[in-house]
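Two complexes follow with chain A in common, the first pairing it with chain B and the second with chain C.
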Partner chain A sequence: MPPSSDGAVERVVVLPKPLHARPAGQLARLAGRHKETTIQLVAGAKKANARGVLAVMAMGAVTGTEVTLTVTGPDAEAVADEVADILTAAEAVDG
Partner chain B sequence: MTEGLGLVGIVLVSHSAALAEGAAELVQQISGGATVVPAGGTDDGGLGTSTARIEAAIDDAETGSGVLIIPDLGSAVLSARAVLADLAGETTARLVDAPFVEGAVAAAVAAGSGADLDAVAAAAEEARDATKF
Partner chain C sequence: MTAVAHRWTGQGVAPGAAVAGSWRADRPIPAGTVHIGPNEVEAAFAAVAAELEQAAERQRQQGRSAAADIVEVGALIAADPDLVDSAKQAAGAEQPLPAVRDAVESYATVLDSLPDEALSQRAADVRQVGRRVLERLAYPDGGRDAPAGDRFVLIATDIGPADLIDHLGGGLVGAVAVRGGANSHAAIVARSVGLPLVTGIDPEVLDLPDATDLLVDADAGTVVAEPSATEVARTEAASAHELERRGRLAAERGLPHVTADGQPFGLYANVASDVEVRLALESGAIGSGLVRTELGFLEADRWPGEADHRRTLAPLLAEAHGRPVTVRLLDFANDKIPPFLSPPAGLPSLLANPAALTAQIRAIVDLGRGVGLRIMVPMVTSPDQVAPVRAIVNAASVTFGVPAPPVGAMVETIAAVRDIDALCQVVDFVSIGSNDLTSEVLDLDRIDPRARTELAAHPRVLSLIGRVVAASNAAGLPPLTVCGDAGSHPTTLPLLLGAGVRSVSVAVARIDETRWRLRRLDAAECRTLFTDALRLGGAGEVAALVEERIEVAMP
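Up next is the complex of A and B:
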């Protein structure tokens, strides 16, 4: 892991809808755009790096699940905002 | 296909046209903009694979950054290999050993985020170790 000058940014969101394929894909693409930044998701005993679309889907996070996201690296604040937006905007999609 | 310009293209080779098309539709939706081209069924639309359909799909999927071919079963591999042998030296297309659906999802998401052919192929191969739940 490269050393990071930014501290880890942590957010907790409650899912308004299940974390299905489409938001998982959005997260993976976001992670792909920020290659130096690590986005870790934790829901109960399950955790996943947002880069891994299959791992995120395998979390099986359903409506009402509390997801803790930890973002480290460049632009951690902005990336964490985007992650939270994707997770909470999941209500608008049925994927 | 301008939305996928410059990205690695994906070709899904299946014995069933419906399976290839359905998988491509699903994967495209998840990946948001990757070029995913189905090559399913025989020339007359039956169950089986078609070298002509595979070759046309590779052509459609190529936007300058290479093409990854994901086969479903047995003879899909043989047909894809026959096409690659025919095109020897004229294509950057690469065949990968990966689960059909999970591999396609992982590859298309990687491709959609601008990964190169090596990384897209690696994403598809890693899908073999991903658990479903």
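Up next is the complex of A and C:
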């Protein structure tokens, strides 16, 4: 989706896995690396800023949930890609 | 301390013994006014985040990636801007410490209320972060930062897995809790890392001043304050030996799974939670040969619905991503019958409730798409019990657009063995449940303590196992797995290998030991042993024969 007039980039992803602590943590780290950029997630009636791992987990987004992400600020396009990657990546395998 | 020797009895839920100074993890925050403001609160959160980050890094360097991930969640929570802001605002209250605690608790409560179990469990992590922050604020001199001395025994009312993981490699040698049981996550973690844990101890143990000499003997289920020099010496010698033994067993993780004569074997774990999956994979298990699905529903007042199954299975199957996983359908039998069913319950009651069966199968099939999924039917007594399950599995697979997973039978009744050739024609795999099979063959009550694992070495049980292996092979099914304590027992493991078994699924804490044994057993020798054992009269005679012929040097 092209950037809108205010520079916001919006994407919609359907979660292939629940939004548990691990992806929530990856999002918080990503947000921490891009302090000037705001990453907002919306799932149904719940909203969260990606910098807060608790707010993201509190959305209770499970597999199949449609999540709308809105990124504003520097590198919005690239950051939005990374957010979408985190939300749609398969769980990492241990060991 | 008074001069009275303090001795308490509880339940040892993770074996071993240790002695060290005590350290209470959940010391209550002091009453009275403490002068702190938002800056102190912010600094405390930052310090806790840094401390947990370092703890996670330490775990990672020691190759404990699962433990590191668990601790790292705490670090991220301590750095959460919303949480920190709300705690900073609370610091303006007249009684700042309780206000900060309440602020943290409100975040924990939100997570608690989520239906997804993996998410609601994070509430405990939030509380743990809050506890650490409050301790920093209440003891600004750092007196509560860490236990005194380089070794300690952790004491708390409740112990969570993170309480233990946090201090692994940091001097923790044992733990004592007032509450909790053998199936708690803390107990699972304690067993897998070899940390003695005694639960069910009288709350007066909480009143011991920190650094009281404390002996934890989980084998005896006892806790002794200020033990005698003799008791200390004996315990220390035993625990040093145990530590060394575990280290040597764990050193073989990653070595090829082949017997002494080059036969490949499969090593899987029996699991019921995501924590066990993590620990099992870390111990080098290939996957899970038995996921127990009924344990969360033993107190249920009705059949679990699809949402209930999804809640309990999702974290576990996410953790096992990419691995082979055999999920067993609800096994409400013997000592595991919930209040809404009456004995004998078991498979017939599940088959008589197609809605209940469908609910579970749909959850398994949908959530299992990320793993190498197989579905196993427990306590099968007749080949015609498989078709109704397969029909539902196939329908669910169509609904969710996934290939139908293999459907197999857990052979653990005499009736199933009697009909084994016909059974092998209608399943995609079989597994053997050695515990129940042994109990039935020898007419032991499953919950009778006499139903000990070594009785699987009885010639009558062995001949049935041999028959099942032969039938499975003749039908061209994949190598069968034995899921039961026999798969990790020194007497029965060589006999299973001799019977042609090439795959076992064992308790998480037994993985290292089982790999060690299998790598040193010679399958051809075990074959002769098995043949000779069949001619003997009882389990005792077989055990003597195994002892005479098979010698696996353990560390």
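To be clear about the criterion, the second predicted complex is superposed on the first by the 83 of 95 C-alpha atoms of A that agree within 3 Å, B and C clash if a C-alpha of one lies under 4 Å from a C-alpha of the other, contacts with A are read in each partner's own complex, and residues count from 1 in each chain.
Everything that follows uses one rule, which is that a contact is a pair of C-beta atoms (placed from the backbone, for glycine too) under 8 Å apart; a residue touches a chain by one contact, two chains touch by 3 or more.
What you see is a predicted model; the values in this text were computed from it and never measured.
Asker: Under the stated touch criterion, which partner chain does A:Val53 make contact with: chain B (first), chain C (second), both, or neither?
Answerer: A:Val53 sits against chain B and chain C alike.
Asker: Does the superposition put A:Arg33 against chain B (first), chain C (second), both, or neither?
Answerer: Only chain B; A:Arg33 stays clear of chain C.
Asker: With both structures placed on chain A, which of the two partners, chain B or chain C, ends up touching more residues of chain A?
Answerer: C
Asker: After the superposition on A, what does A:Pro74 contact: first (chain B), second (chain C), both or neither?
Answerer: Neither: A:Pro74 stays clear of chain B and chain C.
Asker: Now for A:Arg22: first (chain B), second (chain C), both, or neither, which partner does it touch?
Answerer: After superposing on A, A:Arg22 lies in contact with both chain B and chain C.
Asker: Do chain B and chain C land on any of the same chain A residues, and which?
Answerer: Shared contact residues on chain A: 21-22, 24-25, 28-29, 32, 52-55, 58, 60, 95.
Asker: In their shared complex, at which residues does chain A touch chain B?
Answerer: Spelled out, the residues of chain A in touch with chain B are 21-22, 24-26, 28-29, 31-33, 52-55, 58, 60, 95.
Asker: Which positions of chain B touch chain A when the two form their complex?
Answerer: Chain B residues touching chain A: 26, 29-32, 102, 105-106, 109-110, 112-115, 126-127, 130-133.
Asker: Which stretch or stretches of chain C touch chain A in the complex?
Answerer: So the residues of chain C touching chain A come out as 65-66, 69, 72-73, 76-77, 79-83, 107, 110-111, 114-116, 118-119, 122, 125-126, 278, 281-282, 284, 310, 314-315, 318-319, 321-323, 366-367, 370.
Asker: Would you pull the chain A residues touching chain C in the complex into a rising list?
Answerer: Within the complex, chain A touches chain C at residues 17-18, 20-22, 24-25, 28-29, 32, 51-55, 57-58, 60, 62-63, 90-95.
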